[in-house]
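Right, one structure below, let's go through it.
By letter and in written order, the chains are A, B and C; residue numbering begins at 1 in each of them.
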Amino acid sequence: MGKSVWPFGLTGLGLALLAWGTTWGLGFAPREAYMGDVQRIMYVHVPTAWNAMLVLTFAFLCALVSLLRGGWVWDARLEAAIEAGVVLSGLVCIQGSIWARPTWGVWWDWDPRLTTTAVLLFGFGGILALRQFVDDPVKRAVWSAVAVVIAYVDVPLVYFSVRWWNSLHQVQSSPETVSRAFHWPLRINAFGVLFLVAGLLELRARLAFMRRETELAPPPPSETAVAAATR
Amino acid sequence: MNPFLAALRKDLLLQWRTRSQLVAVFVFGASALLLFSFAIGPNAAALRQFAGGFLWLALLLASTLALADSFESEMAQRALEGLLLLPADPRALYYGKAVANLLQLTLLGAGLVPVMVVLYDASTARLPGLLGIVVLGAAGLSAPGTLYAAMTAQVRARNTLLPLLLFPLVVPALLGAVKATSLLILGDPMGQLAAWTWLLVAFDVIYWSLCGLVFERVIED
Amino acid sequence: MTALAVETIGLSRRYGRRWALSDVSFALPQGSIVMLAGRNGSGKSTLLRVLATALRPDYGSVRVAGHDARSERELVRQKTALLGHNSFHYEALSARENLAVAASFLGRPYDPSLLARVGLEARADDPVTSFSAGMRKRLALARVLLQDAAVVLLDEPYGELDPPGFALLDRVISELRSRARSVIMATHLVDRGRALCDRALLLEEGRLAWSGPAAQMPTEAPDGSAVA
């Protein structure tokens, strides 16, 4: 994998944007009429949620490429993407709780999107555990790619099933359904998180790739070895 | 003989030979139903309301045991590998095993229904409908469950990994089965049964196709 | 040009950090009876499993019975049979049932005489869990015979067998020879191998150390230690 420094640059840019957008949203954006300051969490929650789905979609693409074309680069990116997806999903759930408590008096409102994220958290967390327990690198790559594909296909099914299940009881609003008078801090933060995650993801993938190199023996020293290997 | 039928025959024969294990799993499911009722207490109305949910939770827990068992015999002497080398079509091997597991889980579910009726006072006049939901729900557990059981049978910590991977995945099927069962027991004034049934059917169709496609990658070296 | 039973060029296969097979190249004409010798851990089982397509090669090319082991796995499997370290049996089923299962996948009718040939007639309907190691070996041998393959791969077949079992195996190999089948047999019984086989391959730590006529295979390494 590459050794260039662009991921560091991207991470730095992301942090800067995130600092700008968060300060603006939390400190200087106008107060929301009905919910007050609690609504400001939207400036962090929505970007995190968007990026969680984006990263998991990226994981799905890495899984497809890994299964169809092979190669350790894509498996390394898959490992990084699953980890990042789990972290972001966890953050979304925590942020959701922080919003729900003052608003509804409970730590968890069964909002369909939030509940789907929680299921995703456990689903992809399980795939991380799978990677830990498989010692053979080839099997680990194939199995986690298969598991990611299967889990990702499930996402719309989970979302719709939870939405129908929830709609029979109560209709609750979530931070992003309220009036969005101020888009700018939101967009800045969205890009901030995107760049931050993208940079860190590439760095994490490089780390995974290097680990793969220590796990596997290098090609045998020989002149007659025909390099027709798929992995 | 058609490879799928050969595989199904092999799996049904194996299940018949190890049927005492199925009885043990059923007892596990029934005790789970009993223990769940302690969480509610002797409140007949509440028990009845949650009966559908507990039935499916019990079946879900029992399924991890049954699914894991289904691959033990395949791995002990590498019998599955032996079949692959004959050669045997991996997809036929998957569908044979998945259908056999479906039958087994349906038997388990159908066996737990009377337990639920007795413990939770949760009977229904629409028994064929209930059995239909049991089949659809069991199919939802069997398709990804067979795939993941094949995977986890090859690694350590298999008893933890299988539920860890399976449970989040089957949430839509679980929700569909629970809602449909509850509607059949408690009544369906707003006609929602069809929607939940279609959700189950969609889940089953998607996963029976998808898992069959990827099974070969999961068991080959 | 005689057809080749097996042809490998630069075959390498690793397990984690260790190369189990390293740059192994050889060619065997059809109808060869080959002894595969080498110490424990030299890669004999790995080589047989690669030829059977139970394992994929990491590097190099492998052709078995005229087909490529990577891209034409199913065709190779149709023409090979492996007697491996694991017996491929279902413990809960009887000997007869195990063979019937294999036959159903091969699309062949089950042949009842096979069990008699390997001396398991009397225990045909007992579950395999009750079998001794030697009996399991015999059942595995019956399974190989059922497959009627062009290339037969035997991984230490004499292990666990009793003297009548040895004689049975000798007979089977002679019969395969007379039917122009190819046999590759990994064994530590070097003298027996020399008597039965035309050619020999010697593996040392995953590398092909020697190949040639079986009668001429060296028994001692330059330092005096046993070679296989």
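The working rule: a residue touches a chain if its C-beta (ideal position, glycine included) is under 8 Å from a C-beta of that chain, and two chains touch if they have at least 3 such contacts.
None of the values given here were measured: they were computed from a predicted structure.
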- Message: Edges wherever two chains touch, nodes for the chains themselves; is that graph a line, a ring, a star, complete, or other here?
- Response: complete
- A-B or A-C - the one linked by more C-beta pairs in contact: A-B
- Message: Counting only Cα atoms for the centres, state how far subunit B is from subunit C in Å.
- Response: 40
- Whole-angstrom distance, CA centroid of subunit A to CA centroid of subunit C, is 49
- State, to the nearest whole Å, the distance from the C-alpha centre of subunit A to the C-alpha centre of subunit B. 30
- Query: Considering subunit C alone, which of its residues make contact with at least two other chains?
  - Reply: 56
- Message: Using the touch definition from the top, which residues of subunit A touch two or more other chains?
- Response: 135
- Note on the structure: Check: subunit B positions touching at least 2 other chains come out as 221
- Contact residues on subunit C for subunit A in the complex? 9-10, 12, 14, 16-19, 22-23, 25, 56-61, 70
- Message: Per the contact definition, I'd like the list of subunit A residues that touch subunit B in the complex.
- Response: 67, 119-120, 122-123, 126-127, 129-130, 133-135, 139, 142-143, 146-147, 149-151, 153-154, 157-158, 160-162, 164-165, 168
- Message: Quick check: in the complex, which residue numbers of subunit C touch subunit B?
- Response: 52-56, 73-74, 77-78, 80, 82, 84, 86-93, 97, 101-102, 104-107, 127, 143, 147
- Residue positions on subunit A within touch of subunit C in the complex are 135-137, 215-217, 219-220, 222, 224-231
- Report the residues of subunit B in contact with subunit A in the complex, numbered from low to high. 144, 147, 151, 154-157, 161, 164-165, 167-169, 171-172, 175-176, 179, 192, 195-196, 199, 202-203, 206-207, 210-211, 214, 217-218, 221
